[in-house]
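Heads up, the next two complexes both have chain A, just with different partners, chain B and then chain C.
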Partner chain A sequence: MAYQEIVSTGSVYKGRTSMWLYLFHRITGVALFGYLLLHIISTALILAGPEIYEGAEAIYKNFYFRLGEVGLMAAVLAHAINGLRIITVDLWKKGSDYQKSLNVVALLIFIGIFVPTTYRMITSYFDICIEKSSPGTTVVDCMVRPLPDWKS
Partner chain B sequence: MDVKLRILRFNPETDRKGHWEEYNIEADPDERILDLLHKVKWFDDGSLAFRRSCAHGVCGSDAMVVNGENMLACQVLVKEVSNPIKIEPIRGLPVIKDLVVDMETFFESYKKVMPYLVNDEVPGERERLQSPEDRDKFEDTTKCILCAACTTSCPVFWTADTYVGPAAIVNAHRFVFDSRDNASKQRLEILKDVNGAFRCRTAFNCTTACPRGIQVTKAIEDVKRETLTIN
Partner chain C sequence: MQNTTRTDWGRRQPPIGGSNFELYAWFFMRVSGLFLVLLAAGHMFIMHVFNDTLNLDYEFVAARWDTPYWRTFDWLLLALSILHGTNGLRIVMHDNIANKLHRSLALYSLYFVSTAFFVLGTYVLVAFVRQS
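What follows is the complex of A and B.
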């Protein structure tokens, strides 16, 4: 007679917001850790010489990577703000009474920082791109291709 | 009304995996989920296994996953859930048969926190006295019926049954904050462990699941902060 640890067949537990935030926090936490490893490897290329380091950096200088950076910023920001929310629930005596409000507060703080930061990141990308590229380069040019004559 | 009941069945002698079975039942909107299970077992398929005893939300035998959420089958009416009704065993514990799970780890964790009054001093002439304010500190956690709805709704417990779980912490809370008890420090030592209160990730599923309306996560948070006061 065999016991079965998990018989559940593809049905999802109906948790509320905080359950999904728990999952979200773990996913962003692990993803950020993965990114950090890659980032360390990439920056460590400086040990192999400036040309190789610059070569790797050049790969990142296009609009798609800038969008990726916006995602990275969002992940760090959301993880950090959600982390502070969790700390509040843990350490503030009334934290668990107000947990639903704290979820909303965390979301509002996230939006409050995410929107202007994204705006700055996108506009500054185009500013630098147009400034450093050959005359006549448009925003659309900056978007669709990496710019070979864009030197750091 | 016609009700479609979908039950996740598991027969240890023939199955390697659970499978859904569907039953069409004539039911009154005011009947309880437990009544539907009885109808299946008594008139349709006698091999269906589930636990129940009091049928009135007191014994804590019949916690199960109904439409994706933990609840007591004897406490929820047909009209309170959407149709078809999906029923599964509570999660994170080994299934013995159908809706019956092995509660061994659950009760091991419960025993670990010493869920009884520890006080060797002579009580005096009559009972040990306590002010109403002191009594209020643990009023909420006296209501637990050990149904395991909280512990088996916990995403941390699903993947790590070494975590003592909400129910054990609720029952520790019951005595940790009791001014008549002398073993708080021992309990808090146990709950300071990596598998203790701080393993809680504040998903709040337990609070939603508790059929007694206990503020389970709040109790866990009280215990977390209390573990920080001992060294």
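What follows is the complex of A and C.
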């Protein structure tokens, strides 16, 4: 039985929380891999020198991208913590006896890190934007501007 | 695989009875995952909590890459996340592509793309010299 020849469809899965966690881990994993490829390309631009690298980075500096980065942070964090839960279940003898508690602990750790990090990512965005932009820039300007009006 | 289902405890079961390669691959996902907690989650928090990407510029990266340590950190992150992600996608493709021809095509494209990005990322880390 090297590989299963049967195509998995949602309907063969049993178990509720387990099924959702499994699917969730899969979706975040595939999404992270996609991001990784884009990220390697945008980092490679650094070889073309400061002008081009910073020109490309500027695009990522508007508020919509910041929301995207919050999503990315959540995906990394969730995949990491759920991954640790899986590792605990598999490599700790008693892990499987405590799987319900482990689910709860994982969720609490996720919330405990996600909430303050998001708060920090949003507030520091506005602090830095207002500090660096031309005088008179408001929070709303920071939110809707497609490109920053300053050069880094 | 007595009376457990494939998704028991929200994960893939250890592939007992298959090839050794599958068992090692299963174990590798767990070990690389442990390292990626430090590397990937660490990298994210460095970029977003200890710095802010609004301040990200050429100089920031050049200064980090002045030390061989961050280049090594980035290279480990690159290598492990590509291996871990590629093996993960290999499994996803085996699960979801029934047609053998389509599956082989998908798998070979995956291996090709992963190798190319690994080479590109490594080249960037080795070849970068500060222009000032």
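One rule holds for everything that comes next: the second predicted complex is superposed on the first by the 135 of 152 C-alpha atoms of A that agree within 3 Å, B and C clash if a C-alpha of one lies under 4 Å from a C-alpha of the other, contacts with A are read in each partner's own complex, and residues count from 1 in each chain.
FYI, a contact is a pair of C-beta atoms (placed from the backbone, for glycine too) under 8 Å apart; a residue touches a chain by one contact, two chains touch by 3 or more.
Note that the coordinates shown come from a computational prediction; the quantities given were computed from them, not determined experimentally.
Look at A:Pro50: by the touch rule set out above, it reaches chain C but stays clear of chain B.
Set against each other, chain B and chain C differ in how many residues of chain A they touch, and the higher count belongs to C. Once the two complexes are laid over each other on the shared chain, residue contacts for A:Met19 go to chain B and to chain C alike. In the superposition on chain A, contact of A:Asp97 is made with chain B only, not with chain C. After overlaying the two complexes on the shared chain, residue contacts for A:Gly83 are found with chain C alone; chain B is out of touch.
In the superposition on chain A, A:Met121 makes contact with chain C only, not with chain B. When the shared chain is aligned, chain C comes close enough to touch A:Ile40, but chain B does not. The residues of chain A shared by its contacts with chain B and with chain C are 1-5, 7-8, 12-15, 18-19, 21-22, 25, 86, 89-91, 96, 99.
For chain A in complex with chain B, the residues that touch the partner chain are 1-9, 11-16, 18-19, 21-23, 25, 86, 89-91, 93, 95-97, 99.
For chain A in complex with chain C, the touching residues are 1-5, 7-8, 12-15, 17-22, 25-26, 29-30, 32-33, 36-37, 40-41, 43-44, 46-47, 49-50, 53-54, 57, 60-61, 66, 69, 72-73, 76-77, 80, 82-87, 89-91, 96, 99, 103, 117, 120-121, 124-125, 128-129, 132, 148, 152. Residue ranges on chain B touching chain A, taken from their complex, read 8, 10, 12-13, 15-20, 65, 67-69, 86, 88-89, 91, 94-96, 102, 153, 155, 201-205, 207-208, 215, 217-218, 221, 224-225. In the complex of the two chains, the chain C residues touching chain A come out as 5-12, 14, 17-19, 22, 30, 33-34, 36-37, 40-41, 44-45, 48-49, 52-59, 61, 78, 81-82, 85-86, 88-89, 92, 94-98, 113, 117, 120-121, 124, 127-128, 131.
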